[in-house]
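Below, each structure is written out as structure tokens.
Same chain, two partners: chain A is paired with chain B first, then with chain C.
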Partner chain A sequence: MKRADAKTTAAAAAPVTKGKEKKKGKENYRPTRNACKLCAPLGAALAFKGFSKTIPFLHGSQGCATYIRRYLISHYREPVDIAASNFSEEAAIFGGQKSLLLGLENVCRQYRPEMIGLATTCLSETIGDNVPMFLKEYRKGREDGPPVVHVSTPSYRGTHAEGFHEAVRAVVESLATAPETPSREGINLFPGMVSPADIRHLKEIFKDFETEVTILPDISETLDGHLWSEYIRMPEGGTPIQKIRGSGRARASIEFGRVLSGQKSAGKSLEERARVQCFSLGLPIGVSESDRLFQTLSELTGHRVPERYNAQRERLLDAYVDGHKYVSGARAILYGEEDLVIGLAAFLSEIGITPVLCASGSKSGLLKEKLSQVTPDISKIQVEEGADFSDIEEIAAQSAPDIFIGSSKGYRIARALNLPLVRAGFPIHDRIGGPRIIHLGYQGAQALFDRIANALIEKRQSDSKVGYGYM
Partner chain B sequence: MSQIEVLKDRKSQIHLKGSEPFEMTCDRHSLSGSVSQRACVFCGSRVVLYPIADALHLVHGPIGCAAYTWDIRGALSSGPELHRMSFSTDLQETDVIYGGEKRLYAALTQLIDQYQPKAAFIYATCIVGIIGDDVAAVCSRVSREKGIPVLPVHSEGFKGTKKDGYRAACDAMFKLVGREDTADVSPFSINILGEFNIGGEAWIIRKYYEKMGVQVVSVMTGDGRVGEIGRSHGAALNVVQCSGAMTSLAEMMQKEYGIPFIRVSYFGLEDTAKALYDVARRFPDNPEILTRTMDLVKNEIRAIEPDLKEYRKDLEGKRAAIYVGGAFKAFSLIRALKTLGMEVVLAGSQTGTDEDYRILEQMCDEGTVILDDANPVELSKYVIEKDADLFIGGVKERPIAYKLGVGFCDHNHERKIPLAGFIGMYNFAKEVHSTVTSPVWKFAHRRRRV
Partner chain C sequence: MSDYIEGIMDTECEVIDPVEVKEEMIVRYPTKVARKRAKQIVLNRIGEEGEVPPIQANVRTIPGIITQRGCCYAGCKGVVLGPTRDIVNITHGPIGCGFYSWLTRRNQTDADASPDGHNFMPYCFSTDMQEGEIIFGGEKKLKQAIQEAYDIFKPKAIAVFSTCPVGLIGDDVHSTAREMKKKLGINVFGFSCEGYKGVSQSAGHHIANNGIFTHVVGTDDTVGAGEYRMNLLGEYNIGGDAFEIERIFEKCGMTLVSTFSGNSSIDGFANSHTADLNLIMCHRSINYVAEMMEKKFGIPWLKINFIGAEATAKSLRKIAAYYGDQKLMDRVEAVIEEEMLPVKAAQREVRPRTAGKRAMLFVGGSRAHHYQELFSEMGMETVSAGYEFGHRDDYEGRKVLPSIKIDADSRNIEELEIHPDPERYRPRKRPEEIEKLKAAGLGVADYEGMMPEMKEGVMIIDDISQYETDKLIEIYKPDIFCAGIKEKYAVQKHGIPLKQLHSYDYGGPYAGFAGAVNFYKEIDRMVNSKIWGYIRAPWKEHPELSGSYAFES
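And then the complex of A and B:
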């Protein structure tokens, strides 16, 4: 039988042109080849999965929900139920009100959700469905029903990263109430698109600081759950609806993401509306960015950093030293959501790895500026916003990299260049355990450091003819 | 446990054999708000055309549709692999306002220049129909300029179901048929339709036909090539698997070129043997074909029978649930599972027709649940009620099975293992055996015995 792996990859077959040629502007338009981004409704659906007993609902064609489910399931390996209004041709012509109302009713009957997260798709946006008005109509006589939070996420605007943050903002803006006088009950944390393992770790940290935290959204249980004895329509876990409502009474909010810090966000919206001060931090990957988190927590709570985290930090520094010669001087290709790329770049610069390419499918216009805040020499880094994997491949081929760090979607490029790929972020479609990858805090950096150092060691070991059993 | 309610409007799409006279609603649009396991028109077109490896597949629309269909299927190619690239016009807000035709033209010309495909398929997604882009006009312009077929695929997601997408794909493909010379095509020749070369299945099937002395002119679309499709009209017979997807192409070819077609399946021993015999009998002028076929079937079955018997020992009496895209595959799976001594307690499909479900009902034992266009809640309800040991489906069904402590066999396009042909039956048995007999189930809640 013929084998696929003996053949050239499409990647290798593609003629190389310079990625730099791709600049914005109509005359220089280039189609997207192997996108390094997903559509906004995916991000919104993912965010909604992190709120208690919330069913994501896409107002549009059936395929959107099905494709997004398949994509999320392949990473999380958990059931991901997403309802859709399942547009017919009639709805596309005459408007989707009927489909939406019937859909909401059916989903309430079959799922009995505590909240419905309603995201629009490009179809319903393009035909101009007035969803807020439809919802007002729907509410009549159903005042006691579950809240329906609407977020506008046409896939021709932004990427999954924006869809995620917009959905979180929509939830907070619709549910959180502003108290008459500011109160100081716990801290809100907006972690962004991080893994269930990351969120579990963050919960531990807050617990050790003896501080009540509301994590928005919290996918730690809903997308990395247990075996069941019956079908659970909406898994346990997620931010309780009561706590979302109460987030306006928190003493402060912390949001992760240096790019997010320059954009509209749930945290900043809450600050404006309810005077909950919002602290924007980078995604806490590596020592320095994690230090900022622990420092902020220490200041906000009045507690000293718990001893176990000092110990984790010391152990991490010891590991940095033990492993530095295996990683120092290495050149990495980073890609993914902008804030993940920045977080990883901050971490890599601590251990002497240069991220020679930092690429994202998003286009915030902020990536370079924010990267320069966390890396010693931005001139050594090629920064590409709005990049696709073909751009990444072309640039990588010319930048003599040693390692790829990012989602599984970079695998074929890394393979074509015979380089290791350390999997991080989302999606991980070719390995078990994507949701259990930890990136954040000293503990996350420790795990990443070990994996990156070992990948480089393994590469040297397997490339060598000697067969060293001692590295 | 809390009673799982089946939506009222869905009840007519569920049938319990033996409980009532058979009557089932199917072939209709999915209910709003139901978490259907179905995809859309675009998906139907994309899966059919995807394996054509030397064509450019350009998705005209915002990024989602292209991103979710990038290199996700196990459809292999023995040569070019252009099909494994994901191309999108990646429409932005301004395009939605001012139209996407300019972008489409620019994308097409650039990609054709860069990748030199033999043809290009342009998939229209939901909003392309709404913003009124004249995709056909752009396609014919580029076709003139570049000298290759550039074919619009009318696959707007909301314009029907996945089946309409199959038809749109067949319409596009039909335009390629008849473009090439058929001088060297033998009178004992066929086209293989509806075989997508998942895990190399088309290669297995092609080899059988070659051993029989039957020429395979083209496979549509597994390991597909534009040129092969172009001369497919020279074949004497169209052999259609996955009939839901490809029958419309076979019908068009029958009408236009007078090529008869038969429906077959290559899943399971019985169905594979029947397929090969049915083809052989179509060539009575060359009786050697039938003789060779008999030898082939005998040898192939003999080679795997001992292993199948071993697997059967452990699988006898175990209960299986089947939920697949097309009902025709379900028929084969029921027979294949019977070969392994297993009992089918649930059978359903996303896109079965009334006729399909009547056949399915006849094939099933009393008490079997038959489902059309089911959702996770219904599937899990019956998996639990019927105490299944195995679930056969696709990626979306996998976590349902696993959560409930049920083994799983992927029979969809993402799989990497060939399940077609005789060797495919062996792989299938091995796969089913490895999941059903895994010791992990004793830790599952529903089955915890400790």
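And then the complex of A and C:
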């Protein structure tokens, strides 16, 4: 008798629907089966975690905060405190002002935060709570309390990716001040939803360019910290509040994400308000997208690209050459946030892997266009916005892939098709070390390249009847 | 564990005064909040008649206090209905709620046990509500979702779960379910388990109980084969617990008609009313079904506990005593004797390393109680415990039921009015027999609660917050803390291992005899791990080390 976790047979019960007549939209609705997206307040809470001593606060029922905490924690394996206004049925009917004010007060007393990041859930959005007005009320008599930054995040309007960017924008818009006299110093970096390891690497890069950088948000310490030898209320790290305020004085901003470049963003908002020029780059995964970053940095700072990055780049290309025969011609299934998918697709195209499916739960309307900027032949790629894992499963089954690249959520399908899954992005809850995965820069590409090549090699080894131990 | 850490604990231990600890935990709260929390933090006392002090429980968490509690929807869909493999569960709402409850509880199931092989547990169905539905209503999409689920999977049953926005936009999931039931000819039923109802997942348990009882229990009168036919209620097969319990049942010659709801099929619920006896594991989440079955069909219930080898043995004896059948009693004794051999051996093996160590348990509505058994079998002491969503009866015992005040939050959770079924009510025991069993100490339809079994002076904390957790471990520095993933990494930051008792840290089973052995080994490994000794770098421990280089001397 087979007694495994319930995960066993994803395919057993489910004949996948044939044909793809189901574009999701008003006309031809299809419910979501195994979603490939999370909800907006999760993204907002994650972003808030990257600001110094900031406590995320969800205005709505406690259940959302609990679910979101458990999800973030299972990926980062770090404490993630998220407060909520813990709606009662009464609040759900008559509005949540009282709960919100009391909640904010209690959070301040217990945690003494430097900032509170307030995101709304579907519940308070559905009721139509006037949060800005509540906050005005709250401010009375508390003028020198910590700033409370509000972002509206109904999940029926966007995914975790939008929630993340909107939260960053809200923070910058409410805290950054436009300088009267332009005293331009340092660079703002809006990295998007990347890993703590990525952010640590970016910091190194800026240091090597001898340039002051404000990373918004910076989860490198708050969500990948160390043991505490003595008790601390809130983890150290995150963008200092002072630096957020000063971001209007920067020489320039850099934001990552080709899809983001076509959307409202913190960087662009700062450009409008404080005339800080914003450079939109793709997520620097792979050689070309990383080259753009280094080139931009070199131009902005007036420094030549430091020698160690030339060395990293050369080593990476050497590895591409050495490993070429193992990866080239392979077919990959890619899924995740749109900008991650685009970055990974750019990288894969460089090493001769075709991303036969590029899928995301988000629906920006930009995915295909942006993908065509980084891949040589978009006609070979099936692009799916608003996809769920049942779509991915169906398409994967028909497109003869060799490998899956994305979050842990693709595991069941990869397993059913007996294919390797190289984990990248979020959430990764069936492996340890998710926050330590590095994707960005030459170094990130190097790590990804090795992992992908080895996954393909391992698959060949384990499929081989003879078994070979020498490559 | 290093001497360094032990040293600290020993000295601090002696001076811990629980009264002061309590003070310290609530001092930062505003007065009103502090007053409320003070009633939920209680020092245990055992009176002459075994009575314990009252504790406030099942009350709303104050806004801004970071609770570990989930919502009504989580209790209904995630906990009670989630582990049943052959019901398609559709979450009606925006995407997050459904996504987050997508098989995160690690319930296991054996799909091969059903002839049709249906297993929908790896799926997460959601209507993925968009702005249009929030404004104009979502019933139409819900119908389409039910239809699609039917077309693809042809399941026996489809259940619909409402999340927060649903109640507010006025969708009627029940009438939609009825309509689709008629149309499709399969069982379709809905739950109004919006997350803001009640104060925790407990409300959702109740709503789930009501729904299963109304729509499923008693829909199939076939009486199956087997002797000693029982239902096991409130066992969710986390980490394979139910498999171990099933093994023991089989060995004892007992028959499980159904389990609510670990490793379960809807077919089991449908004819669960044909059993002779209901056994309750998790009193909190499922006692309603037991009560209703008793009223409607005449099936008595017993509180049992299969967590802990001694507890398992005791529970098996209780069952045998209920039937009062010598053959069964003998068989149970033989099984216990055989099963206890490896258990005892394992205890002897770990005890030298575990005895005297101290545990804290903050979990669930029954586990904080049940797992104390396992710790005491290892010679470990529980110094503080509490439930996340228990009620007073889970703490103080069912005798306090009449004195529990129903507040506004609970009043809206429906109590079904149940009457004996005109044809199928059949008392399994005559009232005199029940009285006799009670007199013999069998505790039919009773649960004594957690506090009477705990020591005097230990701290009982209901709905402990993250903040209080931090304080508690800062002061007590226990050897192990049992809770869930939300607390795990915060506790471990302090160098104290945390054992997850919701998901078992991907281990288990811990129930029954084999499970006890697993647990001993696991806890031994955790409390004696070498890692905790490396926390401080040597140059931080002895600052002079870093200052004295060889060339200096």
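The definition used in the following text is that the second predicted complex is superposed on the first by the 457 of 471 C-alpha atoms of A that agree within 3 Å, B and C clash if a C-alpha of one lies under 4 Å from a C-alpha of the other, contacts with A are read in each partner's own complex, and residues count from 1 in each chain.
Quick note on the criterion: a contact is a pair of C-beta atoms (placed from the backbone, for glycine too) under 8 Å apart; a residue touches a chain by one contact, two chains touch by 3 or more.
This is a predicted model, so every value here is computed, not measured.
**Q** Between chain B and chain C, positioned on chain A by superposition, is the outcome a clash or a fit?
**A** clash
**Q** Answer with first, second, both or neither: which of chain B and chain C does A:Thr66 touch in the superposed model?
**A** both
**Q** Applying the touch criterion given at the start, work out whether A:Ala397 contacts chain B, chain C, both or neither, answering first, second, both or neither.
**A** neither
**Q** Pick one for A:Asn34: touches chain B only (first), chain C only (second), both, or neither.
**A** both
**Q** Who does A:Gly103 touch here: chain B (first), chain C (second), both, or neither?
**A** both
**Q** Quick check for you: in the superposed arrangement, does A:Ile378 touch first (chain B), second (chain C), both or neither?
**A** So A:Ile378 meets neither chain B nor chain C here.
**Q** Quick one: is A:Leu135 in contact with chain B, with chain C, with both, or with neither? Answer first, second, both or neither.
**A** neither
**Q** Is A:Leu300 touching the first partner chain B, the second partner chain C, both, or neither of them?
**A** Neither: A:Leu300 stays clear of chain B and chain C.
**Q** So, A:Ile457: does it touch chain B (first), chain C (second), both, or neither?
**A** Neither: A:Ile457 stays clear of chain B and chain C.
**Q** Chain C: which of 434-442, 470-478 or 542-550 bumps into chain B?
**A** 470-478
**Q** Going by the contact definition given at the top, which residues of chain A touch chain B in one complex and chain C in the other?
**A** On chain A, the residues that contact chain B in one structure and chain C in the other are 1-4, 7-10, 13-15, 17, 26, 29-35, 37-39, 41-42, 57, 60-71, 73-74, 77-89, 91-92, 99-100, 102-107, 109-110, 121-123, 126-127, 154-157, 159, 225, 227-229, 231, 233, 412.
**Q** Taking the touch rule as given, give the residues of chain A at its contact with chain C in the complex, in rising order.
**A** It comes out as residues 1-10, 12-15, 17, 26, 29-35, 37-42, 57, 60-71, 73-74, 76-93, 99-100, 102-107, 109-111, 121-123, 125-127, 154-157, 159, 225, 227-229, 231, 233, 412.
**Q** Applying the document's contact rule, which stretches of chain A touch chain B when the two form their complex?
**A** Listed in rising order, the residues of chain A that touch chain B are 1-4, 7-10, 13-15, 17, 26, 29-35, 37-39, 41-42, 57, 60-71, 73-74, 77-89, 91-92, 99-100, 102-107, 109-110, 121-123, 126-127, 154-157, 159, 225, 227-233, 390, 409, 412.
**Q** Mind listing the chain B positions that touch chain A in their complex?
**A** The touching residues are 1-2, 4-5, 7, 9, 29-43, 58, 61-71, 76-93, 95-96, 102-103, 106-107, 110-111, 114-115, 126-127, 129-131, 157-160, 200, 203-204, 375-377, 380-381, 384, 395-396, 398-400, 402-405, 418, 443-446.
**Q** Which part of chain C faces chain A closely enough to touch in the complex?
**A** 28-30, 33, 60-74, 85, 90, 93-104, 106-113, 117-134, 141, 144-145, 148-149, 152-153, 163-165, 167-169, 194-197, 199, 240, 243, 408-409, 412, 466-467, 470, 474, 484-486, 488-490, 492-495, 535-536, 540
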